[in-house]
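Two complexes follow with chain A in common, the first pairing it with chain B and the second with chain C.
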Partner chain A sequence: MGILLIHILNALLYASVLFLIAGGLSLIYGVMRIVNLAHGNLYAIGAYVTAWVVGQWLVGAPTVVLYLLIPAGALAAAATGAIIEPTLLRPFYKRAEEYQLLVTFGLLMILEDVVRFIWGPYPLSASVLWSELGSIAIGDALYPTYNLLVIAVGGLAAAFLWMFVYRTRFGVVLRAASQDMRMAAALGINVNRVYVQAFTLGCFMAGLGGAIIVPSQSAVLGMSVDALILAFIVVVIGGLGSLEGALVGALVVGVVREAGIALFPEIELAILYLIAAIVLLVRPAGLFGRTA
Partner chain B sequence: MTAAVLSGEGRSPVKVVASAAPVVVLLWVLPYVLAPYKTLLLTYGLVMAIAALGFNLLLGYTGLLSFGHSAFFGVGAYAVAFMVKYLDLTSMELFIVGATVASAFVTALFGLVCVRYTRIFFSILTLALSQVLWSLAFKFFWVTGGTDGLRVPTPRLLGRAVAASEDKTTFLVHAYYSYVLVVFLACVALMWVIVNSPFGKALQAIRDNETRAEFVGVQIWRYRWIAFMVSGVFTGLAGALWVPLNGLTTPDILYWPFSGEIVFMAVLGGFRTFSGPIVGAIVFNYLKTYAVGFTVYWQLLLGVILVTLVLALPTGITGTAGQLLARLRRAA
Partner chain C sequence: MTADAATMLELDRIDTYRGPAQILRGVSLGVREGEAVCLVGRNGAGKTTTIDSIMGLLPVRSGRIVFRGRDVTRLAAHQRARQGIGYAPEDAGIFPDLTVAENFQISHWLSRAAGDRGVAGPRELEERIFALFPEVRAFTGRRGLHLSGGQKKMVAIARALALSPAVLLLDEPFEGLAPVVVSRLIEAVTRIKAMGVSVLIAESNLMNAMRVADRLYAIDRGEIIFEGAPRSALGNVEVMKTIRG
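Up next is the complex of A and B:
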């Protein structure tokens, strides 16, 4: 019983982080119709900044302060996004999708090396936050308490995002712009501003994903590409541009990964891709996607 | 019109052959002039040019951006490695046949799924499917060697192995280079025929206007599927030629950033022209080699080049050169 619960918690842990990354990717696509190949790098930036603040810059500071500084990575990722969108992406909205993919692929290469340049090739750790909380007993097994915190943050993020998109004025504007950008512009909405806000929010989510998970893992080079691929699977399953889809997709991927690691480790990734391919065949726009 | 200057589109076959002849002669004598290392780089460039040429049948002529061509390149490479490991084969001709059959099979399968979509969904789907192969190659290490990869010794070319008197480098630089050059020229000629055939014209019609093409009677789905297969087989063939050169195949060539490199090549050279991907592949190969030797931050350098290219020179090297030529001609 305890073991099963731990498996479920692990699946939720994966799903929380994946939802943050894929939700951001999906939000950006939903509003701007851009698939950002550099999205994984913003997740990595979130992880690196938090690991650097907590593990190096302020090492030895009171733990409460350190916990409060976890979102630093998310803010850094958001700031990066706020710079990238107007400078690099804006010139591409009117051009073919191929060019958008290419420019974000170039961005991926650039950001990958910028991270390596700033923080060096070695892993960065913020494990003090993880070990400080100790673990709790579940059945006759021990489970790290910090992981529960991550799950809580993932759930809260999903709830806040839902409120934000469906219960605020900004959310209405966002949804209007995503449904029909020209119409929204004609009605007096500053679409450029909506775009930069949406992109920043998407990057903030990816950064938060990285920041919240880094204490239990480490920030390493290459984490961005791995995360991007998993986020792709999530949005393909859930439907590109849909937040509910990202949530369901993240849960599916989280459960399959956890089950896969325990039961069929060799083909765990292949199964995930196959699920994604099957979903695309049956429902081309994903489970919750709108057909264009 | 400007693009036609370098693409040679609309010119008679005789003229095309005549204008290509000096390049062929140059490629033929280069190994006697260049240092062996430079010739090796050129060999890599020619191999990648075949892959990029195949890739561009989809992007340039059919209007589909594949982010999964690493899969076909990898299938070609791993097909050769398996033939070495499990069948003890050493003949390059058999490798080529095996890789062609294997990549035709995989592309036919992938194509059935992928060509139902266009635009961004096509890109993501090709990417996802290519990663299935990557994860299999990565995880089934007892079959594929995992991250250690599989070694491939120097093959026999038309029955001729490395002579006892010559070292491997000499063999690669002369015998293997000539072999690759011949295959490369055959591929270029074949692709030229394909894109100028009614089939190729139909693909371009689909690219330019799907609805009209359908009204004219083009079976879009089937044409795309065949284009997908042809494209993948060219890339698989490149993978087969690449392995003996590299001596080793690892899952890296199945990983999607490698697909990104193939896309990069086509864009660098200019995907709107026939010769663009060829130029792009050769230039990219030099560019990457020197960038890697020059700085550990070579990715940054290449990324900046890619972004600048897409922002400022979307027609690539050949497109820009064509425009410059046309301007010069007008001025004269």
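Up next is the complex of A and C:
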């Protein structure tokens, strides 16, 4: 029973981080109709900045302060997004999708090199936050308490985002701009401002995913591409542009991956790709996506 | 039409392109305060392009658009809306996943943010909308996706009014509607005019235009070919031939 609970918690842990990344990707696509291939880099920036602040810059500071500084990576990712959208992406909105993919792919390469340039090729860690919380006993096994914090943050982020999109004025404006940009502008909505806000929020979510996971996994070069691939599997399953889809997709990937690691570790990733392929064949817009 | 103190909206020899194709060629027209003006023409004559140019949804290559004495030619669409230009497009432009109430709220929040045009409060706004279209009250909780064609047109006009506009642009408001709904909308336009709001209607059906317009412009191949009273258009063989094809 204890082992089963640990597997469930691991699946939820993985799903929480994946939801933060894929939810941001989906939000950006839903509002701006742009597939941001550099989205994984925002996740990596979140991880690196938090690892650097907590594990290097302020090492030795009171632990409470370090915990409060976890969102530093998310804020750095959000700030990066707020600069990228109006300067690099906006000029390409009226061009064909291929140009948008090319520019975000270029951005992926640039941001990867920027991370390497700033922090070098070696992993960065903030494990003090992970070890400080210790473990709790589940049955006969021990489970890291920090992981429960990550699961809680993922759940809270999903609830916050749902309320933000469906229960606030800005959410109504955001949904209006995502459904008909021309009409939104004709009703007085500054669509450019909505775009930069949505992009910044999406980047914040990706950055939060990186920031919250870095105490239990080091920040390493290449983590951005791994995250991007998994985020795409999530949105393919759930439906690109749908937050509900991102949540369900993240849960599916989390559970399948955890089961895969336990039962058939050699083909764990292949199973995920297979599920994504089946969804694409049977329901091309994803479980919660809407066909045009 | 020559500009005077009562002119709310004036187009001065505007040229507009869609991609490489020139659609409007030196279009000039004017709408006075509290006046209903119809722009009639066949499909493809340039009516929607004219409306889109006024709203800022298409860039004007040359010429000027003056609204309440201010040159708005280079303003973005959202700035024109906040200045007091209301717009209901041909397809109504109702946000499909938003409820009718949310569709209204957007205009109202933004009109309050715009500030200085004596904007109505929520209750006054509701009264204004429901006085014009009492039937809308029954489906304010329904999502845009689930409205009929006539309901969409009503919501689109009411939503534009929620911005407290000085000029209302209606693009083919009667197209595809049953005659009884057309009469209902014509009655609404008459009441909007009585509120002091100027109305510019793009319309392909001359008979509908005759029922609502104080003045009429005819457009063909991107050029204004007639300006005058609706009755005089009926007596102009060349205009009638062009409009009816």
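The rule we apply is simple: the second predicted complex is superposed on the first by the 292 of 292 C-alpha atoms of A that agree within 3 Å, B and C clash if a C-alpha of one lies under 4 Å from a C-alpha of the other, contacts with A are read in each partner's own complex, and residues count from 1 in each chain.
FYI, a residue touches a chain if its C-beta (ideal position, glycine included) is under 8 Å from a C-beta of that chain, and two chains touch if they have at least 3 such contacts.
Everything numeric here is computed off the predicted structure, so don't read it as measured data.
Contact with chain B, but none with chain C, is seen for A:Asp113 once the two complexes are overlaid on the shared chain.
In the superposed model, B is the one of chain B and chain C that contacts more residues of chain A. Once the two complexes are laid over each other on the shared chain, residue contacts for A:Val191 go to chain C alone; chain B is not touched. Of the two partner chains placed around the shared chain by superposition, chain C is the only one that A:Arg169 touches, whereas chain B remains out of contact. On chain A, the surface touched by chain B in one complex and the surface touched by chain C in the other have no residue in common. Remark: chain A residues 35, 88, 91-92, 95, 97-99, 101-103, 105-114, 116-117, 225, 229, 232-233, 236, 240, 265-270, 273-274, 276-277, 280-281, 284 touch chain B in the complex. Taken together, the chain B residues at the contact with chain A in this complex read 59, 65, 67, 113, 116-117, 119-121, 123-125, 127-129, 131-132, 135-136, 138-140, 256-257, 260, 263-264, 267, 296-300, 302-307, 310-311, 314. Those residues of chain A that touch chain C in the shared complex are 169, 172-173, 175-176, 179-180, 182-191. Touching chain A in their complex are the following residues of chain C: 55-57, 76-78, 81-82, 87, 89, 93, 95-98, 102-103, 105-107, 109-111, 113-114, 159-160, 163.
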